Each structure stands twice: as structure tokens, then as C-alpha cells.
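The following pair of complexes shares a single chain, chain A, combined with chain B in the former and chain C in the latter.
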Partner chain A sequence: MQNLIEYAPLLARGALTTILLALAALALATALGGLGAAGKIRGGMLLRSLVFGYTTIVRGVPDLVLILLIYFGGQRLINIAGKAAGIEYMELSKFWAGVAAIGFIYGAYLTETFRGAYLTVPGGQREAAMSLGMRPLQVLRAVTLPQLVRFALPGYANVWQVLIKSTAVVSVIGLEDLVGLANDAGKSVREPFLFFSAVFFTYLFFTWVSQTIFNAAERRYALKELGDAV
Partner chain B sequence: MRFDLIAENWALFAGGVWMTLQLTALSVLIGFFIALPFGLIRAKSNGIASKLINAYVYAFRGTPLLVQLYLIYYGLSQFEAVRGSFAWVILRDAWWCALIAFSLNSGAYATEIIRGAVQSVPKGELEAAKSLGMSPFQVNRLVLIPIALRRSLPQYGNEVVFMLHGSVVASIITIQDILGVGRTLNARYYLAYEGFLTAAVLYMSLAFVTVYTFRQLETRYLGYLRVSR
Partner chain C sequence: MIKIILAAAAASSFALAANATAINICVEGAYPPFSSTEASGEVVGFDIDIANALAAEMGMEATMVKTDWDGIIPALLEGKCDAIIASMSITEDRKQVIDFSAKYYSSPASFLGADGMSVDMLDGKVVGVQRGTIHQDFMEGEFPNVELRLYGSQDEVYLDLTAGRIDAAMGDAIAMQDGFAKTDAGAGYSLFGPSYSVPEYHGEGEGVGVRQEDTELRDAFSAAILAIRASGEYAAINDKYFDIDIYGGE
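Right after this comes the complex of A and B.
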């Protein structure tokens, strides 16, 4: 226990890295998911099949495989490009490789979430808004998006809960996140069970906090009592 | 790309596929036998057993599989009592630790699936069984469980793919599953694309086969729901 207290600041730094990684990946995934959904809904043949390829392939491949592919494959690309440009050696950032891989993966899941939510908003509402003379952007902002948030929230919460657990495997490429640092520290003081237990409960805490926040958000965006709405 | 190297190492990859299939199938199977009683208890009672099971489910669904694996594989060796016991033969072995971690993980997810499926069984079907004079045990064995299992098929298919994808963490503790072979190739020849891309294609194919199989099972065992709609 003494060791765990001594190493607490180090583990806290790791936990911070984990959270930042997860949030950055979520931001990327949200952007990709939004673009993907827009492409699937509004795009032409080519764009639609491109997005279809993206979501199908990415959802078929495990997260760690993609992380290793992006990290080692990206490093090799950089080496080749560096040699051609005459630059000595550049190292790919482990943090950003992790963000890119995880964001890329969950962007595919969010594409489906957003697309499904968009399709749930009845088309008549858009038409009604347009018939009132609203411009397409106004319709999106004032009519479609608020409802889209409501329908997408449960799926979005699910993706986040899976995403944050997914960050654990980024430690495999040597990132000094919560899992990576606890692994090193736990082994060096010969108390791996204690240190991994700490990681276990930290993750449990993360998922619990996220659940609480998303529950509150879902209440915030839920339909009010039917009586009020009608 | 050097396809000759992939071809040269085909036996390694075949072994990796076998290892991945073995780990995934066994953990899903053991997980199922954990989840069936647990899911039934969760669906039917609110007592202390149900609460304990809920704690297990919450803990295993709320933490990364990798951390669970590390806790068992590296963590347990911290204790003298474990290292001295007869169980050490199993707990020092990477394969057994992976199987234990994966089974417990799959069991937790499947408990939720079965709980949901049991609760989705229409009351009328159970009442009909009772009205025929079946004992509670007969109702469970002949009506409730078969119907619940059929209804859990779509989600169970997702769980199997989830486990297939999750099983990649076995490669981190030196097991030569599909990704383990990919990593070996990367380490031996420094060929990132060949090893990892082959692994990606293999995982994707297995995932598609799994999805297809469950689609077939759904048409076979859940088709009656589609007709009645």
C-alpha cells in the first residue's frame, strides 16, 4: 500500500493521459462520424460506397490491430518519406497514433449512430420548416439537430463507454498512460496485483462518471411529458 | 508488400487462426454456462444473489479486458499463497489465464443479454404453459429458456464478434494467436504491413463468417417472430 501512495502522482499523470487520449479520440470520431453520416445520407454513389467501405472494414478489424498498423506502418512511411527528404529520423507520436487509430475506429460506429438518428427525425418536420421559408442551414440548426441529439445520445453514450475501455490497449505501443505506467511500476515494486487493482477501479470510476453524465444529458434532451408537448 | 513472406509463413498464420478460434469459442462457451444461471437469477429475483451477480457484471463490463487479463496473469503472481498452491500450474500459464479472463468477461456481457431475453419472453406464453399443468421447473426448461435463448441470438452474435476482436489482447501476453503471429513477423523482419494487414484481413473474414452464421441461425430459430409481425 505504501508503494501505491508513493506512486500515486505518477498514476494520476497516466490517468490524465488516458482521459486526454479518450477525449481527443472522441472528438476525431465525432467529426468522422458526422462526415460519414452526411456522406451516407447526402452523398452520391462514389461517396456512399466509400463510406460503406470505411464502416464495414473498420468494424471488422480489432482495435489493437489497427493501432499497431497505424503506429508501425506510419513509422515506416515516415522513415521512407524522411529518407527521401533527407531528414534524419522522426518519431511518430505514440499519443497521436493512438488518437488517430481509436478515433478512426469509433468514427465508423458513430457514422451508423448519427445516420440512424437522422433517419429517425420525421422528414415531414424538415419539409414543414422549409415551407415556412427557413433556409437549409436554419432547418438543420433549429429543427433537425436538436432532435438528432436526442435520438443519438444513447448510441453515443454506448460508443464512448466502449471507446474509453479501448484506450487501455494503446499502452502496448509504449504509451505512458494509466495501464502502461501501472504495469511498469507494479512490476518494479513487485506488487502488480495492487497496481492493476488501482487501474481496474480507476476505469470503473471513469465508466461510472460517464454513465452519470450521459444519464443527466439524456434527461435534459428527453421529450417532456406528452401533455406539455401537445 | 512482400506476399512471398506471407506465403512463406502461412503455417504460422494457420496456427494463429486456430489459436484465436479456440480461445474465442471456448470463452464464449464457458461464458454461456456462467451467464445462463446468472441471467435467470438476475431476471427473476432481486435478492442478495442477484445483487452480487450485478456487481460482477458491472465490474467486468466497466473495465478493459486487457486490465482484467493483466490482473489475472501478472497480478496473481504477487501472492506467495498462489505461487505455492496447486493452481499455480494453471495460473502461470498465459493460455489458461487468457481463457479465464475471457470467459469471465464474456460471462458478464452474456448475463446481461440473457437477463434481457428472459424478460422479453411474452407473459402469455408462460401462462399458457402453466395452464397446461406444467410445474415451474418444466415451464423454465421447456418454454422459458428455449424462447429466451432464441430471442438472445442477435445480441449473442454481437457478443461473439466482440469476443473475437477482444481476444487480440492474448497476443500481448505472448500467445501466438492471429495478431501474435503478425507481431512476430513485425519483430523478425520489421515488416509492419505484411504481418498486421494479414492479421486484419483474417480477423475481418472471421468476423464476417460469424455474422453470417448468426444470420442463418436467426432465420432458422427466430424466423417465427418475423412471420407473426
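Right after this comes the complex of A and C.
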């Protein structure tokens, strides 16, 4: 226990890295998911097959493989490109390699979440809004998006819960996240069980906090008057 | 985001160019007493002291890059560090991909188990080793009747030994003695059987790993090892961690 207290600041630093990594990856995944969903719904033949390829490949490959591929393979690409351009050596940051890999992976899941949510909004509502003379962007903002958020939130919350847990795999590339640091510290003082228990409760805390936030968001976007209308 | 990566990359490559005598060294940070992580996040241990002493001898400034064991050779090959000082044994298999300096220490391999174990009790028993090490090759080649269980790190081997999932462990004698048998967690366990040092498996000892094209750096490391041996600096570091001189035969 003494060891755990001594190492607490180090673990806190790791926890901060984990959270920042997860949030940055979620931002990237949300952007990719939005683009992917738009491509799948509105895109032409080529764009749709591109997005289809993206979601199929990414959802079919383990996170760990993609991380290693992006970090070490990406570094090789940079080295080759750098050599050709006459630049000596450029370091691919561990943090951004992790963000890229995790964001890329969960963008594929969010593509499906957003697409599903969009398709759940009845098409008649868009047509009704258009018939009132609203422009497409206005329709999106005032009619489609608020409902889309409501339908997408449960799936989005689910993806986030899985995403934050999957950040643990970045420790294999030596990024000093919560799991990586707890692993090194636990082995260094030979109390891995104690340190991994601390990690266990920290992750539970993260997911509990995010669950609370998402529950609040779901209440906020729920249609309260729905009960009266039906 | 790409901009940020490029900016960060440009900044770090500039730093490298500005200080030509800097050297990045990959270390493990999870293999006490050779390499372990402090509460401050700093890596310490025999490997790190040796790395600093060698760099100083070569007139360089060493920066430790903590890298997971499984990713340590790729990290060297892709230029994330310039040398590996992580108690890595010099073997023919590894020489296919990287090159090594002369050894900086050499310790025999040994079995570890509950007090009273002996080698002739091993048939049909379960023995744990760290995956991808010379000890795995040794066990597969010399003890075919033993069931092997592979682990990502030496500490996982100790954990499962105390948990009773394996009957014995095979590994580096010094690391197991100092890193486990002498500690509270290792009460009731000790090394048993002979000390194994078969060149076919155990190679020439532990060396500094470098990329194959860096022959000058390799020779500089070899010379620096001999220099700190001669100056007594090696002995000072050695005595900080071990009762015996772990350099082995000259």
C-alpha cells in the first residue's frame, strides 16, 4: 500500500494521458464517423464503396494489430519518405500514433452508429420541412440533427465506453498511459496485483463518470412531450 | 493533427541535429534490478548506470527511451533509439536483424522453484519462461519432456510460480536471485540445479544492441565497455547491485 501511495502521482499522470488520449481519439472518431455516415448515405458509388471498405476492414482487425501497424509501419513510411526528401529523422509521436489508431478504429463504429441514427429519423419530417421552404442546411440543423443526436446517443455512449478501455493497448508501443505505467511500476516494486487493482478501480471510475454524463445528455435530448403527444 | 505531428517531429529532429553527441538508448524499465521504474517515472538500475557510463566514456549525452520488451527491436530498427541496453543476450537469431557490441555482462541461466526442487523432478512438470528469450530456446532444445509456459515478462513468471500455476521457472540466475528469491515475495523459493551456460543457446552474454549499419557505434560501445572495466567504474556500478562480479569470464 505504501508503494501505491508513493507511485500515486505517477499513476495520476498516466491516468491523465489515458483520458487525453481517449478524448482526442473520440474527437477524431466522431469526425471520421460523421464523414463516413454522410458518405454512406449521400455519397456516390465510389465514395460508398470506400466507406464500406473502411468499416469492413477496420471492424474486422484487432486494435492491437492496427496500433502496431500505424506506430512502427507509420514510422517506416516516414523514414522512407524522409530519406527521399533528404530529411534526417522525424519521430512519429507515440501519443498521436495512438490517437490516430484508436480514432481510426472507432470512426468505423461511429459511422454505423450515425448512419443508423440518421435512418431512424422518419424521412417524412425532412420532406415536411422542405415543403415549408427550409433550405437543406436548415432542415439538418433544426429537424434532423436534434433527433439524430437522440437516436445516436446510446450507441455513441457505448462506443465511448469501449474506446476508453481500448486505450490500454497503446501501452505496447511504450506510451506511458495508466496501464503502461502501472505495469512498469508494479513490476519494479514487485506488487503487480496491487497496481493492477488500482487500475481496475480507476477504469471503473472513468466509466462511471462517463455513464453519468451520458445519462444526463440522454435526458436532455429526450422528448419530454412525447408522452403527451401519443 | 498531421500538422502537429510534423511540427513535433521537426522540433525533435532539430534538437537531434543541434546536439550531435546526443544518443537515445532503449531500456525496458520492468526488469529489476537491471532496469526498473521509480515513483518519479524515472528508470533506474544496472542497465541504466552502465548506459550512462558508456555514453560518458564515448563523450555522448544519453537519453533513456523506455520501451516495452516486445517492441524494443522494432524501436531500434525504426530509429526511435540508437542502441538497446536492456540485458539483451547476444544470439545468432538476433544477429540476423541487429548487431551487438561485446558483452557488458554475462550471467548463467538457472532453474528457480520451491525449496527442495531438483532437476530430476522436472519431467512432466510445468516450467515458465519469458517469451522470446534464450531461456525459451534452451528449454525447448534441452528439456523436451517439460511442459513450457511462456510469459511476456519475467515478473509474470514469478507471479504464476507463487500462484502455483507453474512448478518452476527458467531464467537468468542473477535476475531471479536478486529480483525474486532474495525478496519477501520469493520466500520459500530458491535457485536449483547447475548453472547453465551453453554457447549454442546462451550466446556470448548480454550486449549493447545497435543497427547493423552502425558499425562505428558498435565498436565504440565495445571499446567503452573495456574502458570502464579498466577504470574501475564498472566495478563501482556492479557493487551497487550485486555481490559477485557479473561480467563473467574475460
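Rule of thumb we're sticking to: the second predicted complex is superposed on the first by the 224 of 230 C-alpha atoms of A that agree within 3 Å, B and C clash if a C-alpha of one lies under 4 Å from a C-alpha of the other, contacts with A are read in each partner's own complex, and residues count from 1 in each chain.
Basically, a residue touches a chain if its C-beta (ideal position, glycine included) is under 8 Å from a C-beta of that chain, and two chains touch if they have at least 3 such contacts.
Predicted model, so just to flag it, every value in this text is computed and none were measured.
Chain B and chain C, once both complexes are superposed via chain A, clash. In the superposition on chain A, A:F72 contacts both chain B and chain C. Of the two partner chains, chain C is the only one that A:M90 touches; chain B does not reach it.
Look at A:V169: by the touch rule set out above, it reaches chain B but stays clear of chain C. Once the two complexes are laid over each other on the shared chain, residue contacts for A:R190 go to chain B and to chain C alike.
When the two complexes are overlaid on their common chain A, residue A:V99 makes contact with chain C while staying clear of chain B. Shared contact residues on chain A (touching chain B in one structure, chain C in the other): 68, 72, 75-76, 171-172, 183, 186-187, 190, 192-193. Residues 58-59, 62-68, 70-71, 74-79, 164-166, 168-169, 171-172, 179, 182-183, 186, 192-193, 196-197, 199-200, 203-204, 207-208 of chain B are the ones that touch chain A when the two sit in their complex. Across the complex, chain A meets chain C through its residues 6-7, 9-10, 13, 28, 68, 72, 75-76, 78-79, 87-93, 96, 99-100, 171-174, 176, 180-181, 183-190, 192-193. Listed in rising order, the residues of chain C touching chain A in the complex are 1, 4-6, 8-10, 12-13, 16-17, 29-32, 36-41, 65-68, 70-71, 74-75, 78-80, 153, 155-156, 158-159, 179-180, 183, 185. Residues 57, 59-66, 68-69, 72-73, 75-76, 165-169, 171-172, 179, 183, 186-187, 190-194, 196-197, 199-200, 203-204, 207-208 of chain A are the ones touching chain B in the complex.
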